[in-house]
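Listed after this line are the structures, all set down as structure tokens.
You will see two complexes here that share chain A, one where it goes with chain B and one where it goes with chain C.
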Partner chain A sequence: MKAMNRRKLITVSAVLAAVSLAVTAVPAQAAEVGVTSTGIKLGMTLPMTGTASLGYNKIPGAAKAYFDYLNANGGINGRKVTLVVKDDRYVPTEAVAKTNELILKDKVMALLAPLGTANVKAVAASVNPGRRGVPVLFVNTGFSGFADAKKYPTTYAVLPSYIMEAKIMGQYIKENFAGKKIGLLYQDDDFGSDALAGFKTAGVTFAVKVPYASGSQGAAAAAGWITKFKAAEADVVILFGVSSATSAMLGVAAQLKYAPQWMLGSVGGDATTIKLTGVPAGVLYNAIGFSPVPATTDMKDEYVKLFSDIYAKAVPGSTFDLNVLLGMNSAFMAAQALKAAGPNPTRKSLMAAIDSKGSTFANSALVPLGYSKTSHVGLTGYWVGKYSPTGDLSPVGGTYVTYTTDSGAGAVVKSTYVRPAMPAKGLPN
Partner chain B sequence: MKKVRILSLLSVTALVTTFLVSVPVAANAAPACDGKSPIQSCVGATSDGAPYAMQVPANFNGTVALYSHGYRYNVDIPAAIPLIGGYKVTNTPEPVPGGNADVAKYLFSQGVAIVGSGFARQGWNPDSAIKTNVELIDTFKKQFPTTKKVIAWGSSLGGVITQGLAEKHPELVSAVAPMCMADNVNAELTMAGDFLWGLKVLFDPTIKAGNYSAGAAGVGESYVDLGKVFTVMGKLQAGISTGAWPDTSSATGKALEAAGIPVRSALLYLGLMAGLPTQSAHFDSVNGPEGALKLSFPLAVSPALAILENGTNAAALAILATQDVEMQTGGAIFDNTKTNYAARIETEAVIFNAALSGNTVIGALSAALSAANPGAPRAVGNPAAMAKMNALHANTGKINVPTILMTGLADPITPAGASQRVVNAYAEQFAAEKVAALKEYQKSKSYTAPTNKLLMLWNTTPANWTKFASTGAPITSTPAAQGTNHCNFTSAQLVLVAKSLVQASSTGKLPSGGAIATAARKAGNLSVDKNIVAPLLKFYSDN
Partner chain C sequence: MHKKQTRDIFLFILGGVVLYFISGMVDELRVYQGASIAVYVIAISSIILLTGYSGQVSLGHGALMAVGAYAAAVARIELNLPIILCFVVAVLAAAIGGALLGAAAARLSGPYLAGTTLALAIGLPSLANQFSVLGGEQGLLFDVGFPPLSLGEEFTQYKWFFWIAGLGALISIWIVKNILGSRYGRTWRAIRGNEVAAQLSGINIARSKILAFTISAGIAGLAGALLSMTIGTVSPSAFPLALSFSLLTGAVISGITTLPGAMIGAVVLVAIPEVADVVAHRIGSSEAVTTNLPGFLVSALLILTVLFVPNGPVEQHRARKAKHLALKK
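== the complex of A and B ==
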């Protein structure tokens, strides 16, 4: 019913516009919010402080580092891209307040890479970027629902969905750990629901599943988790949680000398972040990990090389890790979307550019993007790696073998995707 | 934590103002006027016995502002009942919101007279109150024959009465302003009833929660319920800190407690399923005390405390308004036999997942509160009584005259969704008017664009407002934050509405564009942002 009314409105508006054209001059087009002749303003909310911020708080610095590099090389058609960052501490209500500020006070053109399923959903429900026509680019959550272009018309996923990740994990388990007892630690929300759906599709049977409520993770909780995994005699334990849950689990496991075959989900699998909490790197040795982008230590990769050089100059002394790479990758993709949006980009032209050209945007990932006029699906797969004695994730067998799938019942298949060469100097064409 | 303050629905008892002369004359007689200047005061009573008060400035310009007060309980409340005890039924007229002197002063300065009725009956009364207002308008015009225009406004249930007057008698009013408007009776009492039912089936099964006996016995039962509900709320307040469930909890509640489900999560679930705001007078669900609870307090605790603060009001309304409407309709009017509470909180379950303690706990609470659980028996309404309730006056949301809505985004009694329903209805109405105008253009080749007749002023909340003592305890003694509590408007905001009404009445057009945006900003915490969309009351997701 609402859709019908909207259509009516559009029809009537179009006709009335035609009527008015006959008697009045066409007014000059107003400049787009957040876009001036010299600049483009983007906004980001994510946890910058508090216990949930660990690792993720490097994303804004990474994105800014890329934008500074871009601006030093001419920006987007001469416009410099600036990023306004607000700390939401991973609290949904605060994300709503901070996003309101970004849109209404800071007047950003678009939101970039907001983090957390609950936060993005709270913003969608309360701030209504879809109704406002504000683009929400490349959200930092793999919740499959955000790829629904009808429900979230201005929101674009970038990470592979948690369902995809679980399906690919399931495939790996079937091929490598058949007959083993599998345990699963997962966050007891939509993040975890996606994982459970993916594992179910993959046909994985668990000896034990241990949910934890978001915010409850910590050393005390981890001790309880380990008791459950031990009781179930789990041979392989999958940690499908946020960094703080993974770190708590591995830290306590090290103390208790509990050492099953670990398998780490990408969300909580950044070794730099884990080690920052005091977890010995050796605990990670031989753990299985998953990533859509190259290993952050792979300096033969042209993106990793360029991005790490840019980051080293912008944020000296800070480790180039998975959060940094993903942050810079999102900024690079945003730059391409802005460039593709035309000489005078608008919110509409920005989204139209992603819809029509987004699947071809250059980026560091080793798996394809799924954008189209009807889909806001981002990356669609992973490669499988193992952690080294120093905690670095490298591809199993030394070369990247990527797997791709969807968030439905589609099979997991080896990807034939060949990543195009990076545009000159890592700048948008 | 200090005692959570309840915003009494009875705040109108404090509304007797210096503008009023409280000696009514015989019903339907001509007003008794004091003839004073510069403000002449008149009192009287309409044919239904409702006392009224008129105040007319010497510079009367022919415009009168008719104000309708909000819900007042229809029974005295014994002093022994906590928080709201001591209330006496009153029909004192209220010609400006809350007797606000600034508002009266502004209207008088513009040559606008003020008038208001105390209404013949209290409780849920739009049917009779609209008739009273119609008669009162006629009485005023007869007494002051130079009257040219009537502007009408009202708060809470008075907003319903005002909107109803404009829907049924647009010929009588030139502009209206329903403020913090309640929704229709079925939607309001569904919200209140859902929360009360939840308290009953989880925390104290001896709460009657509706289906009260007829007459004085039913009133007595409602008093008992009030005491029990406030007692439970007190225990819940303690339980949020300690984790303990009320000792009066049902078998279902005790089973949930034994399963390790935090009582704060259960309370939050009840608030979410009823549609209560998760921000309240003192709890923003954003701030946390310095130290270990900096993050976990807003994430896991504050939403439950907001529900506690807001829910205390909802529970009081549930009991007393339910008892009143049952008295009017002759039976139980709350029925949740078909309500799917799990479906109702689908979105909220994601946003407040941490405070609800995760999907497993959410699933356990949904199962406990489902119709399939005999341990949480559903309330069964009386079909005849429900039919009578549904036949009580209900607004459609049709806008006939320039209309100004103003409401708080976290109002716990009359949620912002009540105004959003009118905004949505008007969007459809305006689109239809455009289509009609276009059709007319195709016939006559003369196009007249329809005029916008709705201005929505959202009373927004600050970015954050919860404050903490040095001990880390939240402070609840500060004034309620803007956008929270019921009809929590400042004088500046009310004067802006009055100004806009006067302008609309004079010109036929509402203030618009940058002018109203600037005025709203200057009035403080008001927004005309058309992209603010408040959630409708949960009743509408069921029906």
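== the complex of A and C ==
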């Protein structure tokens, strides 16, 4: 009896082993990593906790809101798009570890909108998506280097570069503030040196330039900055720093009743984030700001209307701000790239689609995209607006005046770009 | 004694062989995590040496790691030194930094020392922004190069990192173990136990403390250089205050006075986020819970360790065994 049992056991095990072998030996569907017959998996790393997460932690919710909307309307050729989000706390070591998890464990098809220059650089060096052939779509940084298709063959920029922004600011100053004394606050690193390069190309001369070290920005430092701007009698003060620097500066300026003509760079110019730090909205009034996408309060804009409706349903009670709009815009562009990548998208066909059709992808921005076979440059300009008494950036006189340029020596020109109409229901066509 | 050393060498070599086979059996993600664990083992062992044995608290080991990492990267980029020498430079640079810090630390103790090292952890990494040779906020690339072709085409970059970091960990642990077992280790323990008594028995307190800081910093520097190897870059944000804290957490969870425990702390630090991920998915919780769970788990584990196994699991086990033996007799 015992022997029988043992024999039975062996037979059963053998059969089981054979079956399981056979099952695993069935070639996985000839599809791409992260793509099945029913779904497409994308991954994102960004700061969700910690000091740097303020404002940015709304991006995954925004992107997911769009993908959920897309999935409810048929997805990409029937495939549902899912987004795996990992918190990197804005630390490069974490960004590398989490990106490794996304690629090796979660097996995502592509990375979407990873955030932060140092982080994306570390990921490029260690994880090396370029060598692995993993697309890195629409990185969330304005560092112009990521548009270099030779150095980062699978990485696509989306935000206009800091150099472009400084050049456009320079052009605006020439047209509107000729003869005025200009002051500049900038971050003392690559972010700032990109800005300086742009201003130099634009031919701006500053009455005073105040650098600050990243991490040093705070109320005490801001009081020191103001002393310098006051001493130089600056009429226009450009704040080309991160949100925390802008907030510190505006907060202290409000207390000291210091009110030059402010000009805010787009990185530190998101009104919702500034107001969250307790800066009264009134301080922003009449400040000049720059953005590539429409004003987030412009409900006449078809994208803003649709995106804010989708977002309000998905994340009730959360303010629709610039981070949300940009997050949804990147998700929308990713959807179009996936659709354009053919009935059975692969990593290769996805990148080929952006190279060949990317510059024509519908999206909410009011400036053209620069993608081509040789260029991974994203948006190429800004519109100039003023902040309202409630702190919302809107176009002067209600019409968007857009400028476009490049990250090199090219001229800044008023853009004649007319944004194509939004595809029906905001779904990729 | 001699016999014991031969046995130890044999054990370490065996450890190396086991690691070698493990690296061939697991997938790339595990190999990468293995490299991270090796880096943490080195960093935690440097804290165990300093805090557990010489009794000096450091909240600034992240900064010393940064010194090592930057030294290695600069040596690689500016002087184009072979990679092994870059690691030597990292150890030396961090050790010099540690000696300077130690000179100040020898005059301080308790909260004052903690405060000084804390200031270092906050301030030092952002100093890099002031010197263009250090690459500012975005940092420098630190490229140790591809694995030698003789290892085969299939040999991945991460496996190469794991080998280097694993070897580094084995060597560091070996060195730390021997130092702790030597006259210096006994001197440090004497100081930790009772400074006055140690002084009375002829120990030069200041010199011993500085030496402990120097050696600990050198090892931390190696950990820093290896950390930046695994992420391919060196930048100020890679060495945040949180790194110094999690190393100390790892050391406490390991048992601050037991070197073998370093492994436990390192595994916990690397595994917790993944465990949290699994838990969060299992219970299908909201994003807010998912993102804060790792921090919560580490903190909870730290509190539980302090409450229930204040000397760490290894020491606890050892004590229980000793008690058991004593009872038997």
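Just so we're on the same page, the second predicted complex is superposed on the first by the 399 of 429 C-alpha atoms of A that agree within 3 Å, B and C clash if a C-alpha of one lies under 4 Å from a C-alpha of the other, contacts with A are read in each partner's own complex, and residues count from 1 in each chain.
Rule of thumb we're sticking to: contacts are C-beta pairs under 8 Å (C-beta built on N, C-alpha and C of every residue); 3 or more make two chains touch, one makes a residue touch a chain.
In this text the structure is predicted, and so the values were computed from the model without any measurement.
For the composite obtained by superposing both complexes on chain A, the positions of chain B and chain C are in clash. Contacts of A:D87 after superposition: chain C is touched, whereas chain B is not reached.
With both structures placed on the common chain, the touch criterion links A:M48 to chain C but leaves chain B unconnected. Using the contact criterion defined above for the overlaid structures, shared-chain residue A:A72 touches neither chain B nor chain C, since it reaches no partner. By the document's definition of touching, of the two partners only chain C reaches A:P60; chain B does not. Residue contacts after overlaying the shared chain place A:R132 against chain B, while chain C stays out of touching range.
In the superposition on chain A, contact of A:K121 is made with both chain B and chain C.
When the shared chain is aligned, no partner comes close enough to touch A:A220: not chain B, not chain C. Taking chain A as the common frame, chain B overlaps chain C at a single listed stretch, which among 23-31, 41-49 or 95-103 is 95-103.
Within chain A, the residues touched by chain B in the first complex and by chain C in the second are 50, 89-93, 97, 100-101, 104, 117-118, 121-122, 125, 128, 187-190, 193, 213-216.
Looking at the complex, you find that chain A touches chain C at residues 48-50, 57, 60-61, 85, 87, 89-93, 96-97, 100-101, 104-105, 116-119, 121-122, 124-126, 128, 143, 187-191, 193, 213-216. Of all residues in chain B, only 278-279, 284-286, 294-296, 298-300, 303, 347, 350-354, 357-361, 427-428, 431, 434-435, 438, 441, 447, 449, 463-464, 529, 531-533, 535 touch chain A in the complex they form.
Listed in rising order, the residues of chain A touching chain B in the complex are 5, 8-9, 12, 15-16, 19, 50-52, 89-94, 97-98, 100-101, 104, 117-118, 121-122, 125, 128, 131-132, 187-190, 192-193, 211-216.
Those residues of chain C that touch chain A in the complex are listed here as 27-29, 32-33, 36, 126, 129-130, 136-139, 141-143, 157, 227, 230-233, 235-238, 240, 242-243, 273-274, 287, 291-292, 294-295.
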